[in-house]
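Just below sit the structures, each encoded as structure tokens.
Here come two complexes built around chain A, the first alongside chain B, the second alongside chain C.
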Partner chain A sequence: MILADRLLAFLHDRVGFDVTRWSIVRIAAFAVAALVVAGIVVEPRPGQRDDQALATRQVRNVSLAFGDPRGFDPTPKGKNFKVAWIGGSETQAVGPKTRAFIPGLVSERMGRVDGKVVSTDLYYLDAIRLVDEVSALSSALASKPDLVVISLNPVWVLNDLAPQQWDYLDGALARGSLWPPSRWVLAASFLSPGDVGWRVLSAASPPLVGDRFEWGLDLTEQTSTLSFLDVVQTPKSRATGLAALAERRPVDFWASRFASSRPTKDLASIQLNTIEREVVSRSSLNTAALQQMFEMVRTAGVPTYFYVHGINPTVYAQPDARGYVDQLRAQLAAATAGQTTSRVRFDPQGLQDRVPPTKYRDIVHVYDGRNEAAVLSTDLCALLRSTGRQADCEAP
Partner chain B sequence: MSDTPTPEAPDTDLVDDGGSETAVPTGGSGRATRLASRLAVELAIGLGIAAVLVVVAWASSNAIRFVYGGY
Partner chain C sequence: MLDGDPFAYFSDLLVLMVVAVPLYFLLPWAWARRLLLGLAGAYLLYLIAPRLLAFYVLFWLGVYVLQLAATRWRDRPSSWVLTTTLVLLTLAPLVVWKLRPEWAVVEFNVGMNGLVDGLSPWVGAVDRVRDLILPIGLSFATFRAIDQIVKVRLEIVPPLRPLHQLAYGFFPTVLIIGPVIEYTEIDRRLDERARWDPNDTLSGILTIGIGALKVFVLAYLLRGSQDVFSLSTRSGSPLDYWLELVMFAFYFYFNFSGFSDMAIGSARIFGFRLAPNFNNPYLKTNPQAFWNAWHMSVTRFAQRNVFVPLGGMRARTQYVAIVATMMVIALWHDLTIPLVIFGLYHSAGLIGHRWWVARHPVPDHRGLARRAGANVLLFVFYLLSLPLLMVELGSLGDFYGRLL
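Our next item is the complex of A and B:
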């Protein structure tokens, strides 16, 4: 304010300019007009889709790079049978024999639907938060899919630690949160005034403000070496992907505050501890997110299939783990009571016990996803046929 | 003070009365000059605010290639 006062005093002395309420309105109008005009003149800077390694011609990850507040870049509708599949790392099958997204294996089994090739947009993030799945669903529904599939990771789905992972996609919740009032719970919990402000300015000037992540990358690159301080060189981490995530994610701080019944450093046991934390947390926030997703797909009228991925059968055989999964099923059943319809399906049982035992890398990541794909394609084809669709649904 | 500007009489100029714009008698060419000057200053401030918003947007863009632990 002091700077503004000095500027106004300077303008008053030099050119006799005095501020009135109407001059403030005109200044705001000039600023918005400048952003709009500049947005028309400047070339858009589309984001880079992340993690192309497992993509195929018919299945691609439409998530943008971590940190990009635009979040997702769905493909145009086209003439294909379009599937929007939302999930986290449990949707990968990365083993010695198979390297694929499980949705890709499913689409191979589904073949054609109504004579159309199945084309899948995968909204994928490592350790995706349930609220990010809400954002992804909002983006997916805007792209007019023919079918929506939503994977719920048993480790994170109702875990109250999950929202602590990151916050760069919180602003995406602004889309469609105005009505009905049931969506205000998440909006009020996650949206800041800044998030809403950037969304509004992004709409006014998409290439300049909306694409600010790409501009920011350039700015960071050009200014990262500028410093008045001595720069200390530190060895860079060689970790990538999930390993890099596991090294630095803020949620681990909160997880470390939880005194588990089995202190351990083994990854599978850490994940089991996370499930233990989940079933005792009884997060109402994640329940609200889950219910909002059901409301969104019911309103959109798109056939939708929710499922819970299984956990490692070896771990599931332990009484503790089985107990946690049973409690999670009960909590999910309570959270989704009355939310399903003939077109919006969810079975809290999940894939556990329905998929023949297979090898896991840890507690939730499979090496070979073909068994999961077989069960999922059977369920999806049954859903499609019940809605009058003609699906091939033959194994490749 | 009023939020509603007072209707202007012929050959008047806008001046500040602490909040609203009111009119006082003056010459026509002087009025046009002062109005142009006022609009020019307001345009310059508006463009400056737009430029600042853009720079702040870029600088607060989460543009770190791997964001975990960056905050």
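Our next item is the complex of A and C:
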């Protein structure tokens, strides 16, 4: 007999407690009530925003610390013209002359819209993948932005090696996935019942369950020193065997398995191999994710601008790289056919041929983002003007 | 992390049960309930990684065929050769994985992803964003499969029909962290009419709650003790090491038995009464009682399939049977020299205890001090074997040296 049976038998013998269907209902009702009351009594624990090194008055990274399932902390809708910008490391320009988020440079150039200062929430994740962008877009749309900008990294946008990378964000896909049914396929591919369960409990008791990441950090800190032994500081040895395999990100493992014959001696070659894989894979999953993003912004009615960041001009000058980019453009054009409107814009040609050449750190990361910012701000202002907004678009 | 996240698994299971349990009791057909159980388990494996589901579909399909083969030539004198071959075939994936883990784990991930990708590029892409994994739960599944084949061979149960096989192979609560259930623990329930009993529900919820308390409170507080075996990053006096080892022993127990409780409690909500997997092992006073209380499902498996057939109940062969049984239990964890030593060490404990009791019978009523003394002695004996489970052969000397 298991312990619970002994306990129930004891309660039956001592206090005459018999389990009926109503006792189950009562226990469930008390549990829900306790959860709700605890949610009212317990102080909320706001999340800590991630790296703000490149933040300015006009742009801030609203991603929360890595692993926080709340995902993002958008600023409340205020008097500013609010832009929600979603992207990965390609939105950074870190070089000797500039150290900035490109969205920040764009905000400065845009100046004011309808007399309001442009203020940008950047949904930034290192190595962001397309389904991570869907999660970010879901959070961004809930914050009621005036304009949405989505950066599509040419290396990953249609790559079936990594539709998604940060699975702690999967729960964010639950928001808004109930309707229309076209969103179910993507949600079913990534959402687990556990994600949905945590979302429901978080809604019932936000400070207690929703803020569990902060509680967990505190608890971990307070209990991590429960040991009789002393910690010896030693240089970290390199993992081998299965331990090394455990440390590998799935994307790196699969990229190495699908590598082409091109030698991968530098980051640019690795990235070129990744693009090669991308055009071969013709990812239906990423195509669906891209189309869902278009559907989401069309339904929300927010002016939205999708763009594909350029790749390093010296790499682009190589015939095979040029060929891959052309094939990618064709695939993007096919994937987004009929998805754009006057308020939702996307040019599959990308920024490649429109941004004056600049120096790149590797295949996608620029040192200086001013050229790109100039093109982007022109496009965004044109989009806003076409929707009846008054956009200055002059750098102060 | 290659070995999955039991927390995520049980989160998914418990939320899935909110839908699956009412449906299970509403379905009027036994075949539909078996299908529901099997699909629920398959879905939980899919959530870990589609490639894991693909692997287990192949594995249990193979077991289904092997159990049918076990019914052939039953009455021939040489049928034991066939039975042994079938058992060895069932063991093969586990043995290959344990003997050549680095090769096997990579090939498992690549091969099964290739299979999934070939069936559906969409699911293949979903699979590639999941973590790289070991064949999670294979140790448990292999023993369950062997038990099934042996029972079919001995005509204890008839060969499983496809939906029974699906429900047993993918029984949703025991897939990744056990216990090693027997088919006879669930077979009647799979066929009879399902009637909802609030007693089962409350008992199941309480058992899950007790398991969660063990894992998420007690084991969590003691989790730092896992570093006791990190020889390069920890130091302390012999007393510190002994105390840390005691902490680790309790961490190990709370974590393992807590997840077992959650599996048993979840099954109970569906109305399945699985046998307990732990029974206060650290309160026992002799090795035999300890092994009858620690990870009992594996002990029961080894008793049925090794101890009894090898003559454990006969005086002349009992010691050989004990050694063989303990070696099976030890090597189930891994095929390494420290685990061979672990098996021999506990065999020596069990044989020594039998030998001693045969010559110095233990009185029925012992005083508290005597029982406490025996308990402490046994616990220290057990503590000394833990490094054999956790430390590589080359570091064992260093670790035991720190205890002195």
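For the reader, a short list of remarks on this structure follows.
Note that in this section the second predicted complex is superposed on the first by the 352 of 396 C-alpha atoms of A that agree within 3 Å, B and C clash if a C-alpha of one lies under 4 Å from a C-alpha of the other, contacts with A are read in each partner's own complex, and residues count from 1 in each chain.
Criterion: contacts are C-beta pairs under 8 Å (C-beta built on N, C-alpha and C of every residue); 3 or more make two chains touch, one makes a residue touch a chain.
Remember, it's a predicted structure, so these values are computed and weren't measured experimentally.
Of the two partner chains, neither chain B nor chain C is touched by A:G388. Contact with neither chain B nor chain C is seen for A:G115 once the two complexes are overlaid on the shared chain.
In the overlay built on the shared chain, the residue A:G67 is in contact with chain B alone; chain C does not reach it.
Look at A:V19: by the touch rule set out above, it reaches both chain B and chain C. Of the two partner chains placed by superposition, chain B and chain C are both touched by A:W198. Once chain A of one complex is fitted onto chain A of the other, the partner contacts of A:L285 are limited to chain C, with no touch recorded for chain B. Contacts of A:P319 after superposition: neither chain B nor chain C is touched.
By the touch criterion defined above, A:S189 reaches chain C but does not reach chain B.
Of the two partner chains placed by the overlay, chain B and chain C both lie in contact with A:I27. Common to the chain B and chain C contact sets on chain A are residues 19-21, 23, 27, 198, 219, 245, 248, 250. Interface of chain A with chain C (complex): residues 2-5, 7-8, 19-21, 23-24, 27, 129, 131, 160-165, 167, 189-190, 192-194, 196-198, 219, 223-234, 237, 241-242, 245-246, 248, 250-251, 253-254, 257, 281, 283-286.
Residues of chain B that touch chain A in their complex: 3, 5, 14-16, 19-21, 34, 37-39, 41-43, 45-47, 49-51, 53-54, 57-70. Chain C meets chain A in the complex at residues 1-2, 8, 11-16, 18, 47, 101-102, 105-106, 109-110, 113, 121-122, 124-126, 128-132, 134, 198-199, 201-207, 210, 220-225, 227-228, 232-236, 239-241, 243-244, 247, 261, 264-265, 268, 276. Those residues of chain A whose C-beta lies close enough to touch chain B in the complex are 11, 15-23, 26-35, 38, 65-69, 166, 168, 198, 201, 205, 208-209, 212-217, 219-220, 244-245, 247-250.
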